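Each structure below appears as structure tokens.
Both complexes shown next keep chain A, but they swap its partner, so chain B is in the first and chain C is in the second.
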Partner chain A sequence: MTTERTLSFTEALERFDPTLGLEVHVELNTASKMFCGCSTVFGAEPNTQVCPVCLGLPGAMPVLNAKAVESAVRIGLALNCDIASWCRFARKNYFYPDMPKNFQTSQYDEPICFDGWMDVTVPDAEGQSVRVEIERAHMEEDTGKSLHVGGATGRIHGADHSLVDYNRAGIPLIEIVTRPVTGTRESAPVVARAYVAQLRDLLLGLGVSDVRMEQGSLRCDVNLSLSPAGSGLLGTRTETKNVNSLRSVERAVRYEIGRQAAVLDGGGSVVQETRHWHEDTGITTSGREKSDAEDYRYFPEPDLVPIAPDADWVESLRARLPEPPRERRARLQEDWGFSDLEMRDTVGAGALELVEGTIAAGAAPSAARKWWLSELARRANEQGLELGDLPVTPADVARVQALVDEGRVNDKLARQVLDGVLAGEGTPDEVVERRGLAVVSDEGALSEAVDRAIAANPDVADKIREGKVAAAGALIGAVMKQMRGQADAGRVRELVLEKLT
Partner chain B sequence: MSDLTRLTAAEIGARLASGAVSSVEVTQAHLDRIGEVDGAVHAFLHVDAEGALAAARAADERRAAGSPASPLDGVPVAVKDVLATKGLPTTCGSRILEGWVPPYDATVVARLRAAGLPVLGKTNMDEFAMGSSTEHSAYGPTHNPWDLDRIPGGSGGGSAAAVAAFEAPLAVGTDTGGSIRQPGAVTGTVGVKPTYGGVSRYGLVALANSLDQAGPVTRTVLDAALLHEVIGGHDPADSTSVDAPVPSVVEAARRGADGDVAGLRVGVVRELTGEGYQAGVQQRFDEAVELLVEAGADVVEVSCPTFVHALATYYLILPAEASSNLAKFDAMRYGLRVLPDGVDAPSAEEVMRATRDKGFGDEVKRRIILGTYALSSGYFDAYYGKAQKVRTLIGRDFAAAFERADVLVSPTAPTTAFRLGEKLDDPVAMYLNDLATIPANLAGVPGISVPSGLADEDGLPAGVQVLAPALADDRVYRVGAALETMLTKAWGGPLLDRAPDLTRGDA
Partner chain C sequence: MPDISRDEVAHLADLARIDLSEAEIDHLAPQLAVILDSVASIREVAADHVPPTSHALPLTNVFREDVVRPGLTVEEALSGAPVEPEQQRFSVPRILGEEA
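Up next, the complex of A and B:
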């Protein structure tokens, strides 16, 4: 593997315009596979979720999963697509050991969803959005998964033998293909990333997929081409396969821009091919050449009948679509009174739903944001967890804030309450009870503690009597120490000043 | 006990019901007959004596308990080797599936078992049902019980010969372009291709998915109807299966046997008679039509001009679908695996190539190449696309013809059985055998072949085909049964009584 020459991003953009195209494969979270009743649960022992149909045994026949069609239509509607009134599956014929039938049951010239769009908010570009046109979203089945054994790289080259797990074969996939995205210039990498991120949120909101890129339930292929700056032409594109994290999408686009620019700049021409993405080194390498002559010999799948979604049914699905993420965000930002930066941070931290839930449970928006984005974000980070995976609910957080508002705990104690909740000690109230964390509100006890502090620090007391109110801090600290922190510092201050002025 | 093999399935069912015989006796009699004659006929690729007798015992127990599973409970059946049978080898007549034992039953087989029919074994066929003579079986041809030097038809020659040689009272075949009906015609037996979707294809190893249809192979029309009602009906596992009740074919066969065809409009298809049809075949057909006229049917001539393109259409659509279906035979998961000669540590692709080279016969390779070509980009529209358009036109010709006639008739096959080897080197001559049967597959309509008599010139059986509109399978049974009754009367007994006695070596 040799590293190819690249031009710097700035240089590349001086000379060329990038054109993007994204193909995203989404595994649906239906309980059963596309064409058989096998389970789709991730992570099972290899080849335990298979049957004659998904193993492609002679004689077996597919039966279409109606839930998958529903999910496909909902995705199409959310992407502003037209829904075909009549369409078919087709066979995509090619030989590969992880494909049991040596053809993939897919859709060809009759996709179920077509001609849609999504407005993508570009981060770091104030209020700017790019309309990405969706060419099609079609249904197909996933292939099995090959494990190449004995080679150094885990790739087929150099491997000694390969094992195939067919658990994944036949899992419903939706392939979402954009039209070429032009005019994004230096934003191309972030636009690509933002598109995939926004698509992921949209799919999550629809509840049709787990959209876990690390588990492969959302996979991205990046198409990129360059043309001379300002020429308006379309260059030869490469297709970089399996770019499976948001960060990688951005990096892969950036890398291909630099690489192709160097090729073109050196008088060469870009080869139309598929390329492999290397997460570790951040580069792409040549895969198989993808000539126009590649012929999948598509024809309509004769074992399945055409799909003709009923128009009323489609409309009923449209009526029940969740609010699109972008609109929802705008509405929430307005409701909560967050600044653009605060909102972006909230979304970026994956805390939108958590903050929303916390507010719904009674907390003020700023308090909800503060807890999740500072205290809890720090803990999640320390433990290498997603915020949402912390063992604390939005309702718990709202209750902790309520305890503060009621004066029953102070900020310091509140953090200890959260510690207890995170440690599995129960609800916030139970933690307060068990750990004895409530602030002392017994006026007599507080008053005695203040008296003791004054007696022990006569110099300080004199300064306050002389009007140096700022010195009160030392006495307050002494009282808090006596009370082991379980006192309302504000009330202690009042008592000190009452007694000395 | 050997006379048990001469009984029809309906007769066996009646005797089982009355307790006159047991299923074990009937099944054993057929196994004995197989032992006696199959060395010469080679109708079976695999005989499952043990399984059949176990099923027979279970059937006898149900009969004894007064709860038979069906009217055919305990009547043995042979199954074409293209249907998946759990625990029984299924080769499709191909080397590439040698030794494959499916882990599941085809729906048709499951229904046979559920209805209590002991499965005697798997019958021979042209490799992956590609052929009209069984000569393309990787395991050697089946011989026609009427003349062991002749072909039994194909691809389902094994099923037809098994029934004609009294090795089984019933068999299941599959018909993609005539593979049930043409063997029926040349062996003097009855074969029915039901309406497309009338019988589940789940577990039928596909030749051409849009054309394939399983159906009964028997010696009488009533037996075919009885078997049809066992295997027919909607199957959720086959998306192309028709979600409608099975037509009352047994009732139609009984009604037809009474000679009830008065007022029935019978269309003789001009394009499926005359030139290209052997004189004796044509003569027997004309006489059969005459009998229908005498019985009160209104016979008219109809024209289906696009039928002349049916063969060409068929030989584009079939290879296209087959080339894709057969891709799964790649040595990765089941069946034959051949390592290439002289290659150290061969890749998966090299193993696939070597296996497919050794595992497929010439006719299969020919059609894979044809189909691959027809689907290739740049040729798709001219070949596969055009063929689909002609297919639509053929359907329209049928629709127009059925405006004028309730059923259509023609000779089933243009000739009687030819000699083994005679057409092996001439694929097109071989393909022409299915000239009259192919249109029904392209349009998905039902068809039956019943014996029309022996051709004068060679004394070999010929068949008459009756076609009806989709879902009107009952009509082909009604007319088929009427012809059977009238012709049997004219012959003075069943045609098969004139077949040579295979046990005396005078065939």
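Up next, the complex of A and C:
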């Protein structure tokens, strides 16, 4: 592996305009495979979820999964695509051991969804958005997984042979392909990342996929080309395969911009090829030269009949689409009165649904955000958990805040109530009861405690009598200490001032 | 009259990962040309009013419900493997010049 020369990002952009293209493969979360009844559960023992169809045994016949077609159409509708009234599968012929049939059943010139778009919000750019046009979203099947043995690194170089597990072969995939995205200039890396992130959220909202990049259920290929700045031309592109984290998408775009700029700057020309992304070093290296489409010798799949989605059915799916994540966020931000930063932090912490649920259960938006983003985020972080995995519900959090609002607990006690809930001691009310956490609302006891504090601190009491109200803090502190924190500090303050002014 | 060149045969062999000698290419190219000729004769009967089709029956939307059904056991799945399986997986020759 040789490291190629790269130009700095700034220099590269002075001379060239980048054009992006993204191909995202998403594994659907259907129970069974695309063309057979084999299970799709992730992580099963090798070759335990296979049958004659997905092993490509002679005579086996595929039958299309209805749910996969429905998911494909819903994805297309969510991406503002037209839905084909009639389309077919095609055989994409190539010979590689991860594809036991020696062809992949895919769609070629008749994709089920085409001509769509998604408006992508660019982070750190003042609410600016970029319209990414979707060329097509088509159905296909996943391949098996190869393990290269005999080599040192598990990669193919130096391997004696490969071992193949076909559990993944035949899992339904949707390939979503953008049109070239131009004019993003220095934002190209963040636009690429934001597109994949937003697409992931959209797919999650549709409930059609687990969209777990680390498990490979969402995979991204990054196409990039450069043209001389201001020329409006399209340069030769490279396709960087398997860029499988959001951060890597951004890094891969940035790296290819610098690398291609150095090639062109040195008088060379970019080779149209597949490139491999190296997560560890953050670079791409040359793979095979890209086959021409004609080398795949596509032809209509004779074993599957055409798909003709009924227009009324498509409309009924459209009517039942969930609100798109971007619109939903804008609406919630407005409803809740959050600043851009507060909203971004809420989303970034994975707390959107939790905060929404807490507000729905009666808490004020700012209080809901405060609990999840400070107190609970800290605890989740300490335990290495996602916020949503903490054993506390939005309703619990709303109840804790209600206890504060009712004056039954103060902030400090409220945190102890949460401790109890997180420790599995029951609902907030049960924890208050069992731990005896309610603030003392017995006026007589409070009044006596205030009197004792005044007697013990005559100097402070004198200052307050002279009008130095700020000194009251010391007496309030003394009272709270006597009451072991189980008092309403606001009420204590009122009592102190009543007695001394 | 379709014709197929030696280069095209060599390219197809390459795509199909079949190692052909020069002599074999010379031998196969004319044979493939005959097959192409035979298939091309269909064009003579396909008139303009006959739309191209990929299926003999006018069927659409043949689906199955998304229900898991038992497939093969590992032993059954691996029983036809030409090479002794390892780690419950099919063993295949490495592919040169490409990376999965």
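Throughout what follows, the second predicted complex is superposed on the first by the 492 of 501 C-alpha atoms of A that agree within 3 Å, B and C clash if a C-alpha of one lies under 4 Å from a C-alpha of the other, contacts with A are read in each partner's own complex, and residues count from 1 in each chain.
Convention: contacts are C-beta pairs under 8 Å (C-beta built on N, C-alpha and C of every residue); 3 or more make two chains touch, one makes a residue touch a chain.
Here the structure is a predicted model, which is why all the values come from computation and not from measurement.
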Partner chain(s) touched by A:V305 [first = chain B, second = chain C, both, neither]: both
Touched partner set for A:R91, first chain B, second chain C, both or neither: first
Contacts of A:K101 with chain B and chain C, given as first, second, both or neither: first
Which of chain B and chain C A:G170 touches, first, second, both or neither: neither
Comparison of chain B and chain C by chain A residues contacted: C
Which of chain B and chain C A:S162 touches, first, second, both or neither: both
Which superposed partner A:E45 touches (first chain B, second chain C, both, neither): second
A:N65 touches, of chain B and chain C: first, second, both or neither? second
Which of chain B and chain C A:P365 touches, first, second, both or neither: neither
Which superposed partner A:G56 touches (first chain B, second chain C, both, neither): first
Overlap of chain C and chain B interfaces on chain A (superposed complexes): 52, 55, 57, 63-64, 93, 95, 97, 162, 164, 295, 297, 299, 302, 304-305
Touch list for chain B against partner chain A, complex: 83-84, 90, 92, 97, 100, 102-104, 106, 201-206, 208-210, 236-240, 320-321, 323-324, 327-330, 332-334, 348-349, 352, 372, 375-377, 380, 384
Contact footprint of chain B on chain A as seen in their complex: 52, 55-64, 91, 93, 95, 97, 100-103, 162, 164, 295, 297-299, 302-305
Residue ranges of chain C in contact with chain A within the complex: 15-17, 54-55, 57, 59-74, 77-78, 80, 85-95, 97-100
Touching residues (chain side chain A, partner chain C) in the complex: 30-32, 36-39, 45-52, 54-55, 57, 63-69, 86, 88, 93-98, 146-150, 155-157, 159-166, 276, 287-288, 291, 295, 297, 299-302, 304-308
